[in-house]
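Labels run A, B, C, D, E and F following the written order; every chain starts at residue 1.
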């Protein structure tokens, strides 16, 4: 379902951004860590979009490579 | 099945505890490594139980967070 | 299917050999990295074959261990 | 929420228990409790950030 | 090719973006473009090496 | 036992082969053999420890 897909992506992003942004867990989520997590999500989506867009431009090359 | 679930957990625990406890593989499993692996399994189960119990106490907060 | 199984193994090998062989991505795949990737695939297959062959020789021990 | 519980256990075990000893001492328990709350905070923050990008 | 896209995004995010900042700057974009091409080169090389071993 | 074989290959490749060269030399083979036996020992030990906790 749509909701499961959404939660699957949130799990995967939380997993990755936690490793990048969280140092020692403390009694609250400090602003530096919050900022890092939000940026991490945004830059990860930027990266995915960049990859997909760039792939579309080179689609023919890519298809032939995958068909090897 | 029950057996598959059991083996799935054993695979996951062996994977994690191997990375934590095993340095260079030698000609037998030395007592330090055995002790580390057994403690690793026990502390991992303690951690899971702690997380589940603590979550049950704060269930309502948690549910509302997941429903956002 | 056969093709999906093949691609699954290629994904897994690319994932592992990328981490071992790729330092900073550059404008082309240099010969040192290519050589490393090809060797990585070959040695990984050697390792799997070695593990499977050695296991067959000790099959009875292994079965009894898994049946514990 | 099974997947979240599994993730929290794995991540917080790794963060809070460097070398597993013969019991879970009180400083490890305190660390797990904070780690768990921060992981849930992070999950909610990621969920919000991702929602606002796909809308 | 969904699995390949997901892998490329994860691997190249890790290689090219050490600390996520408030935008994807041009040097990060350049790194992602090269990383993506090299990951596809690697995929093809692995595919060829593995094919030749199983034949 | 397919999953165990895959795990052993991955873990022992990582432990025993730092930089893949043009053949599997005898010291690497010796390492893989020991690694494999220790991984199976560990699997059995984990299985016993986990069994005794859930009973």
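The definition used in the following text is that a contact is a pair of C-beta atoms (placed from the backbone, for glycine too) under 8 Å apart; a residue touches a chain by one contact, two chains touch by 3 or more.
Quick caveat: nothing in here was measured; it's all calculated off a predicted structure.
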For this session: Based on which chains touch which, give the shortest step count from chain A to chain F.
Result: 3
Exercise. Which neighbours does chain A have in common with chain E?
Worked result: none
For this session: With chain centres taken as the means of their Cα atoms, state the distance from chain D to chain F in Å.
Result: 28
Problem set entry | CA centroid of chain C to CA centroid of chain F, Å | 14
Seminar exercise, completed: Chain centres from averaged Cα atoms put chain C and chain D apart, in whole Å, by 32
Seminar exercise, completed: Note: chain A residues in touch with at least two other chains are 17, 21, 42
Exercise. Going by the touch rule set out above, which residues of chain E reach two or more other chains?
Worked result: 4, 12, 16, 43, 47
Seminar exercise, completed: Check: ring from chain A, direction chain E, yields A, E, C, F, B, D
For this session: Over in the complex, which chain D residues touch chain A? Could you list them?
Result: 3-4, 7, 11-12, 15-16, 31, 34-35, 37-39, 41-43, 45-47, 49-50, 53
For this session: Spell out the part of chain F that touches chain C in their complex, as residue ranges.
Result: 1, 4-5, 8-10, 12-13, 16-17, 19-24, 28-29, 32-33, 36, 40, 43-44, 47-48
Seminar exercise, completed: chain A contacts chain D in the complex at 6-7, 9-11, 13-15, 17-18, 21-22, 24-27, 29, 33-34, 37-38, 41-42, 45
Seminar exercise, completed: Per the touch rule above, chain B residues touching chain D in the complex are 16-17, 20-21, 36, 39-40, 42-44, 46-48, 50-52, 54-55, 62, 65-66, 68
